[in-house]
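Would you mind keeping the following structure in view while I ask a few things?
So that you can tell them apart, the chains are marked A, B, C, D and E in the order they are listed, and the count of residues begins at 1 in each.
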Amino acid sequence: MSVATESPAPRNYEVVPKTSPEGSELDGELLEVAMGPQHPSTHGVFRMDVVLDGETVVKLKPVFGYLHRNHEKIAENTSYLGSMPYTDRLDYFCSLTNNWAYALAVEKLAGLQVPERAEFIRVITAELTRLQNHTSVCGFLLQDMGALGTPLMYAFREREKILDLFESLTGARMMCNYMRFGGCRCDLPPGWLDRVRKIVGDFPQFLDSYEALLNTNEILLARTQGVGRLPRELAISAGVTGPMLRACGVDYDIRKVDHYGIYDRFEFRIPLGEQGDVYDRYMIRLLEIRESLKILQQALKEVPGGPIIDPKAKLRSFRPKVGEAYGRIEGPKGELGFYLISDGSPNPYRYRVRPPSLINLTILEDMCLGQSVADAVVTLGSVDIVLGEVDR
Amino acid sequence: MLGSGILKGLAETAKNFVGSYIDESGLTTIEYPDERQTLAENTRQFPFLVFDGDDAMKGLRCVSCQICEKECPPQCIFIVKSKDKKPDHVGKPQFYPATFDIDLSVCMSCQICVEVCPFEAIKMDTEFELSTSDRFGQLLLHKGQLAKPNSHFQEIHPTDAAVSDAALAADKAKAEAKAAADAKAKAEAGIPRPLASSPEAVTIPPALGPPNLPM
Amino acid sequence: MESLEQIKIRLEAAVPGAKLEILPNESPSGQHSLLLDNAHAVALARFLRDDAQLRFDYCSNMTGVDWPDTEITSKVKVKKVIDGVEKEVDEVTKTARPGFLEGVYHLYSMAMKHGPLILRLRTGNRKDQVQLPSFTPVWRSCEFQEREVYDLFGVVFDGHPDLRRILMWDEFRDHPMRKDYSEPDDYEYEPTPHDDVLEKSKRHQAAKGTL
Amino acid sequence: MEQIDQIFVHLKHGVVAFLPEGLQPLVSILISVTAIVLVFPLLFALTTVLERKGLGRIQNRPGPNRVGLPRLPTLFPWLPKLRLAGFGQFAADGIKSLTKEDIVPREADRVVHFLAPFVLLVPVLLAFSVLPVGRNMAALDLRETGLLFFFAAGAATELSVFMAGWSSHNKYSLLGAMRAIAQMISYEIPLILSSLTVVMMAGSLSLVTIVERQSGVNFGFLHGWHVFTPWGFAGFWLFLIAACAEANRTPFDLPEAESELVAGYFTEYSGFKFALFFLGEYLGLFAISGLGITLFLGGWLSPFTFLNWMPSWFWFFFKLFLMIAFFIWLRGTLPRLRLDQLMNFAWKFLLPMTLINLVVAALWHFTNSWNPALRWLLGAILLTFSYWILGRGFEAKFRPRTYRYAS
Amino acid sequence: MIEEGLKNELAKQGVVLTTLQELYNWGRGNSVWPLSFGLACCAIEMMAASMAKWDIARFGSEVFRPSPRQADLMIVAGTVTKKMAPQVVRLYNQMPEPKYVIAMGACAISGGPFKQGYNVLKGIDRLLPVDIHIPGCPPRPEALLHALITLQKKIEIEALTGPNRPRHLDADAPSEFPVPQFGEHDIVPAMNPLLWKPTQVVR
């Protein structure tokens, strides 16, 4: 057994002394650049204060809070149900998985059982969410590499088809607000499963052409391989989760570990990377899409009938017993957890989101040091952040 | 050999370029103002108030119970309960909203008001072309602007409307059966009893004032 | 995974002098937690991380909870003789509980695939004794989360390498997630106000009316 | 047909002939200059729309297709709304750019900031003067120095880019400018070396002569363009890659890398000056494409002898259009390189390849008496082999991976 | 399309001037380049509007400029937090005239669902002049296109002289707005009283 070594302490951030104290900042050898909060590559309002030596990053300091919308404070003043639409707006790419994580935490807190049909619907919608998230992320990554949006356009073309499905099921394209404590809000519209089957059936063809466009492209290989390496031990210590962790070769997928929902009924594999660089993260996402398709195909075969919500679940005046619960799921970005403390009132006493995007950024500087600024941009792109979740 | 990946990529984009001219699925654009996407039946944008019959203010289903106001997560509904009552669809006298405002500039289209409403009175509209340069005037909708007939609801959400109409009809049938049974029981007993809850006993308030009270 | 009691016994054996307490959780989730004493917390955390059977190498979630000063009312059913008749009466005892801030840690093990183990740390009060030991040297994932708790709750983490505000700007003075925080008043235009917002917007309307 | 081919030449001669002798050279020059200043910017306007539409089509969308003729209800109330498939877009963009506020940052060096776009535009326009756009249609036929003049004028654009980046007093601009200088100077060398093969074989620096040297006929119908020889083929692609970098086009658009440097060296430019930069960039692209056509693709020559009846200027512009389409295609497909990779590519791949290509060209010259097929094969083998050797280093370092799954 | 009153005014100015004005308005109305600037959820719908399915390029507006110097339109797509507000105003100030602002989505108009938050600005119109508001959370991509068309119509009928002339032609009207500073409890000032004139709603 190997004992984990002391985790490397983050560097202390002090102002870098400039070589000439009274000259302008351009005189020195080091150049401080604030990338963001409005910058084309920061995926929203994220900011990186970068110190450059030429084009090499010698220091990188992430700055958050530009989208700090006080989700947790608002949730403490809102009923349990009222927070559900707010969870849509956390990671606004994956509202359905956010719904699920929150519903799961409340179900643990209140001891609700989810009917089988609802579990199937949850798996189907969550895996569809994963499909569209991963394809879009790969598009954004290529956008950061300067591919002028073509891969992103193709990804969004497919995403729109999935969003149409979400819209016909839940009524909204992005902010679905679909799951409820102990089940789902409404039953599937007629013919919906057939539409899903068609899209799932067509998806591999799209993936093939997407991979033909990119995977062996020499420029992509050169830009991603060996860039933004993350050592395995550091990844574990820093609590990195999701595809990023698995790209480092750590076998940890909450779908397999926690057996939440009905994931242990399905056959799927966990792809693992070796080097933990940007290319691995990119490829792991593409491979995970294929595994998600497998889950979808299995789930679509046998959606049972029955109720879609626990009859014990109350919509209004829902008051869980005093206590607390932490529920987590494997979101597309990583471990998405909700921690709730109930004091017996209709509003949660403490409501906390464990945001995978924020915690995956802990080691951003470690990945970027010594690389060029262009690599820092690509590395950030490969982390897959959504600012609504980072800052909440 | 070096460059084969780039050539593969170029072939892929060329395929899409040619496909956009010859293949229907190669050009996925919906040219919006000229053509529109058929919206899914469940699509929701902003809430509206359903009324029955022809008179918007008379037929409003809302009984001003203020549940939606309380449950609305962003608190964008404002209701003032009326002082008097008017009969609802089964003829039972109910309060009605003297003021019912929804601030569209706050509404997050979450549909929770629809879910919690026990009276099938508030539903989601599909209208989205609401851009305006006048935030204060155009985005705070009052009762008169919110009220839309049941036929509109039937048109945009036929399935939901059928369910809701059936529920209301069952409600009404039940109420009528009860009224008939009451009347029968009363006739049998022969004891006249003041009918506090029957529609005849209530004076229907006259016109409910202008729909759009100036603020 | 070992039960919480076993872990507690082993921890007490491993770190002499450590005071531990199991805090039960009555909700159906059954996630009980372990209260550590601040002086030995880092040593305990190291043991949890490095012990061959536990190997909690992954600190998933770290957050703060604000517990203001409060009165705890506990009802106990007591048999009393009232007017000569024995009756069962609720006796209400009120105890003043001084407020404190709490740090909550959810630990999992990636190596052994078990968890969660929930740790709690408590500050002395909410005003001047707001220090807690930092777990960042043990689990790097606490770095940003502890900064966040510092920012929003005002808990000062000793041993944190870079304790600055993370979400709010540096000039900000308040700790907004505390229960007694009052937000800045900008309720000039509130067409649909409720409760306290209604009060605030009424004040604004009154002020405007006098102008 | 001869008439149509020479129509512009005759027109110019016709105009000039009316004038007194002393004025004739001056007016002749003025007419040529006006033609260049009118035709190429107009081409730029069309290209912007074509590029946006082409990129759109690559991405499964139509691109600009609504903005047609301006509606002027006061003058032409009867005019219906004409969309012209979106080809009016450039006019709208032009009007807007012209009337947009011009901002100069407070800290900027005003003079240099003002001059930079003009320093970009003027040399590019100068470079057009030596390009033969048709038979007898070079504004300036420099018999001894044509190609040199082109490169000399083209190199001045680097100065402009650095002026823009430096004077803006913006970190992104400065980084962009530094990238641009490094990139342009590095790629100037393979660009010139790959053109040198042509000079070597044609034995002249005059672009007109170079085109005329390619008018030989192979197999009875094919013109003897340089691109149909092994050294010419390799030279053309090497030239194209270097030209791409010189014109800051994807995948070498690092100086204006949007995701890294916001807008690179022209981050601080607005309104008309920005439009001038845009114009200058595109004119640079046209010029260098025109040079590539002249050197390798037979300039204004038709591909096949049986197509010789079509006017020579048509062929030039048709080839120019194809070149631009190719650049648009690249832009719609490829991601961008990193600066050190860009440099490595220039110095470790392009430079050796161009040098080897020179050797192959020399071999071609000295094996004039051999069987053409054998000669072709030898050149092709030499070039392919060296390409493979040089590319191997890359493939050893970067290659697609296979992945394992958790058990 | 053009109102009667405006037509009369145009008649007074003469044909050349009106034609020039029409040409100018046509040009700037059909070449609206947005700043590539996304704040939150709505930014994704903004991107969706620029993607293949809706293709904002048809209106000539797909040129999302990363630098404010080259942009005409600021689409405030998402929640403006107090920490972000100074940067938004600064970006607006850096844009050259004529410039337009679309407040996309509930958060940008009024703070939307997050308006109760301590770090959320209750509407960007407290700090910037907004031309078009799009309600919705998030508005559909079509709604953004609709707003763009509304903006184009607004530009098309703008008279360049007279009391209703656009702000950028009014020498007295400001083209830059004060950037709020970070205070100890809030941004200072939290709003621009010259711009923010809410109507009174008595409750």
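The criterion applied here is as follows: a contact is a pair of C-beta atoms (placed from the backbone, for glycine too) under 8 Å apart; a residue touches a chain by one contact, two chains touch by 3 or more.
The model shown is predicted, which means the values in this text are computed figures rather than measured ones.
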item: Label of the chain whose CA centroid is most distant from the centroid of subunit B; value: D
item: Greatest separation from subunit E - chain, by CA centre; value: C
item: Central subunit by CA centre of mass proxy; value: A
item: Chain centre separation (subunit C, subunit D; CA means) in Å; value: 65
item: Chain centre separation (subunit C, subunit E; CA means) in Å; value: 43
item: Between subunit B and subunit D, centroid-to-centroid distance (C-alpha), Å; value: 60
item: Separation of mean Cα positions, subunit E and subunit A [Å, integer]; value: 31
item: Overlap residues in subunit E, where contacts from two or more other chains coincide; value: 51-53, 55, 58, 66, 83, 113-114, 116-119, 137, 140, 198-203
item: Two or more partner chains touched - positions in subunit D; value: 58-62, 258, 262, 332-334, 394
item: Interface hub residues of subunit B, defined as touching at least two other chains; value: 2-3, 6, 9, 12-13, 16, 28-29, 31, 73, 75, 78, 103, 106, 108-109, 136, 140
item: Complete list of chain pairs which touch one another; value: A-B, A-C, A-D, A-E, B-C, B-D, B-E, C-E, D-E
item: Touching residues (chain side subunit E, partner subunit C) in the complex; value: 83, 116-119, 122, 182-186, 190-191, 196, 198-203
item: Subunit C contact footprint on subunit A (complex, rising order); value: 1, 3-4, 6-13, 64-65, 68, 70, 72-73, 108-111, 234, 236-241, 250, 252, 257, 320-328, 335, 337, 339, 341-342, 349-350, 352, 354, 358-359, 361-363, 391
item: Contact footprint of subunit E on subunit B as seen in their complex; value: 28-33, 36-37, 45-46, 73-75, 78, 103-109, 128-140, 215
item: List of subunit E residues in touch with subunit D within their complex; value: 1-2, 10, 15, 18-19, 22-24, 26-31, 51-53, 55, 57-60, 62, 65-67, 69-70, 72, 94, 96-98, 168, 175
item: Subunit A-touching residues of subunit B, taken from the complex the two chains share; value: 2-6, 8-9, 11-13, 15-16, 28, 39-44, 67, 71-73, 108-112, 115-116, 124, 159
